[in-house]
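Each structure below is given as structure tokens.
In the two assemblies presented below, chain A is common to both, partnered first by chain B and then by chain C.
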Partner chain A sequence: MPDISPSFDRWLHDVKNQLSIILGFSEIMLQETESGDLRRPDLQEINTAAGRALEAIARAPRPEGETSR
Partner chain B sequence: MNDLGPMLLAIDDEPGILTLVERFGRSLQFNVVCHDGAGDVLAQIDQLRPDVVLVDLHMPEINGLEVLRAIRDLDPDCAVVLMTAHASVDTAIEAVKRGALDYLTKPLDFDRLRELLTTVQKGIERRETLLEIDADVARRFEFYGTIGRSAAMQELFDSIRRLAPHVRTVLITGETGTGKELVARAFHEVGPRRQNRFLTVNCSAVVDTLFESELFGHQRGSFTGAVETKVGVFEHADGGTLFLDEVGELPSSVQPKLLRAVEYGEVQRVGSLETKHVDVRVIAATNRDLRAEGAAGKFRTDLYFRLSVLEIHLPPLRERRDDIPLLTAAFVRECAARLDRQLTGVTTAAERALQESQWPGNIRELRNVIERACLLSEARIVGERDIRRAMRIGSASPPPVSEFAPVVLVPDTLIDGDSLSGAQRGQIDRVLRQAGGNKTEAARLLGISRRSLYRWLDRLALTQPKVGEQRS
Partner chain C sequence: MSLATIESRAWDGLSADLSAARLASPTGTILVVDDLEASARLLERILVRDGHRVITAHDGEEALASVYTHQPDLILMDVLMPTLGGFETCRRLKNDPVTRLVPVILVTALRQSRDRLIGLEVGADDFICKPVNPQELIARVRSLVRMKKYTDDLDTAESVILSLALTIEARDVTTEGHCQRLARYAVDFGRSLGLTVDDIAALARGGYLHDVGKVGIPDAVLLKPGRLTPGEFLVMQQHTLIGDRLCGDVRSLRRVRPIVRHHHERLDGSGYPDRLRGDAIPLLAQIMGVVDVFDALTTVRPYKAAVSIERAYEELFQEAASGWRRSDLVDAFVRLDPRERV
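Take a look at the complex of A and B:
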């Protein structure tokens, strides 16, 4: 049975879930927004920032004493 | 909600992900149902009948792999895609081993998800196109109610076309449920007597002592209970066709008289000295080997030879499996019309299950299975699970009380309410409920006339259930 017991993995999972929502919705909204729409650059910022946050947490060091599952 | 669109079920314990999947699925014309966590969702799969399930791997109550396994058991036709924010090689391999369509990591790759959902959509469209083709082919290969494109059936139809205008006696042999009566009707319809009567006598359903009277009639007072003069079926069918089903059951005492009627067209009512001449085409049918029965002294050889001037053998369904998709398409179409449902056919897996079965009850059994599966199915395309359930119900003895099963009933003339078993009572009651109280439909499912059903209901003091009423 898949389980995420170490607290770091749990935290990683939860943050990724939230970032997935931000990335997903911003992506959908970008697709639905016309190229000349004034909101488009802001949406692009949200989308890019969420992507960077994902990259950042992927690089986050694992706390001592916790092993990856 | 677009009733005709495919159904996507999304399961996740994160509401934001559910909203995201719902938004995306709807943009691809999917009907989307979201479920917060796996909790009691498995109990609802039967009602929801999703075409594809998108399920999160890590959830507190039941994890995605368990949901995957349960859905594969419940509905093998349903595609399952796992998604996770915590991917691992182990779970990915496990998912694929358990039959997942794919394993997606979060954040979701919308291009990949679109591809997967489009694959499911296209699969359904392709299947529906194929089912339409099957239904169309079935219509084109239908010959007076009998459907078959196999070489054996095409040859049979040709024989009927060529010989029906000429032959006076036909013996149709074949296992039970192979469609002997339909072939007999085809002979009648193609031949020059089509404007006249086609009468059927089921020889296995007539009491031995009444046989002679049934076939040839009787004079008033000729025996106890003969309160009025009665015309027999031979006289009644004069100018037309008489179909003697299960002729192998004919008592030996009646066989010489039948031979005379067939050979010379002479009939004599019971208690009368007068011989009447009739012009009747006799088509007999049996699932027995009458030649062997003749050799064993159980059936008159001269009658066998007279009846078998033209002998037609109907192959069992297992020897004409190519016709199963067409027959299935025709039966589903009939059910859809009768139940006023949008049923288009069966899934590929269901068709495979139908192809693999031995069908000892032949076309009748196939028809019953399809009808039961159509009643059980909530989806537009009947799935393997419903087919297998319908097959199990048909073969189970006795069936579970909660499920529908066919019932063996005797003809009107033999009804005796006192001798009914509790099981028969239960089955009639159950079928009535399955048909939502519709007596015409219940009678059809039971294989008896509506009038017959009313008589049963009177004797059993069964009342019509209200629609929606359930057995506790």
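Take a look at the complex of A and C:
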């Protein structure tokens, strides 16, 4: 089976994996937190930042010499 | 309305209710495979909240072992994992007859279309990208679990019929092992002829099920230690029609039905039940007919002793010369390595 090379794609994959975990768990915590809970705005910040980071790496320019798989 | 009709309708109603109850609640056992512990726990949290039971594995090898142990209804699997990745694990699962019907969703941070194509090539049923949308994940999981339960229902029906076939074999001690041998002979023979995987699978099932209709034949005829009278022979012939009806509603047996119904037909039209001639007799039924005669000749029956393999070959050649069987099929069967059939 073809495997991904240790390249930009691999780095992208690993970062997205970690951000997906932050995004996913913060969403679950938001759903499980009452609307008046003081932690809720902080959780919302984490969740929004993770989402923006994912958007940002999707726009990241491909390094020279790297071809899209 | 007769008592039998009332009982039959009650049974149909109960079966429908049970089936509807199972399918209305599409929760199941989900195997989550991801080398990142936190990723696996995230999926587990989402799925447990939806009522599923979740087990986890951290690479392909662990997943393959877990599938046999836990028999999950669905597998959610990361693509990039150490030792054995998601693509190869999926390919192995889909090539294994025991696990091929378990749906696999590949969950990955890869977004390239080439990766999706590889996923489809190795038999994945669906593809979900990270970050996972919980609502989308739940909807897809429910859909595939529901599909798996339909498949299980069909599989159960097939298992019942298979058990019936083995019960019939157990009624007659002289045919012990007949079904297993026939399945093996037919599969070897089919492979040597270059048949498709689906045809080979039909031959394997047909080996077990070809005589399932004997469930409807009285012991006095089925177990008679001597030649049957013409009247008894007519009763015995009914087993092909009874077997065909038994397999009738089971979709997974649709390729097996022609074997069950037609394995006693002869090329010259002197066989039964439909007196088909020549190519009108399905090839798989002709193959089963050859191996059935071979096994009947080489094993002891209530009405005869076993003959040698060489003598059985002569008998098959004689049947081909008489216009009952295709001589090329008989030749091909005889050319198979005899050690495979001993």
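Please note the rule applied: the second predicted complex is superposed on the first by the 67 of 69 C-alpha atoms of A that agree within 3 Å, B and C clash if a C-alpha of one lies under 4 Å from a C-alpha of the other, contacts with A are read in each partner's own complex, and residues count from 1 in each chain.
Here is the rule we use: a residue touches a chain if its C-beta (ideal position, glycine included) is under 8 Å from a C-beta of that chain, and two chains touch if they have at least 3 such contacts.
Note that the structure is a prediction, hence the values are computed from the model and not measured.
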First (chain B), second (chain C), both or neither touched by A:61: neither
First, second, both or neither for A:17, with chain B first and chain C second: both
Partner chain in contact with A:41 - chain B first, chain C second, else both or neither: neither
Residues of chain A at both interfaces, chain B in one complex, chain C in the other: 1-4, 9, 12-14, 16-17, 19-21, 23-25, 27-28, 54, 69
Chain B residues within the chain A interface of the complex: 14, 16-17, 19-20, 23-24, 27, 57-58, 63-66, 85-86, 88, 90-91, 106-108, 110
Chain A contact footprint on chain C (complex, rising order): 36, 38-39, 42, 45-46, 80, 85, 87-88, 91, 108-110, 112, 114-115, 118, 122, 130-132, 134
Complex contacts: residues of chain A adjacent to chain B: 1-4, 9, 12-14, 16-21, 23-25, 27-28, 50, 54, 69
Contacting residues of chain A [partner chain C, same complex]: 1-4, 9-10, 12-14, 16-17, 19-21, 23-25, 27-28, 54, 68-69
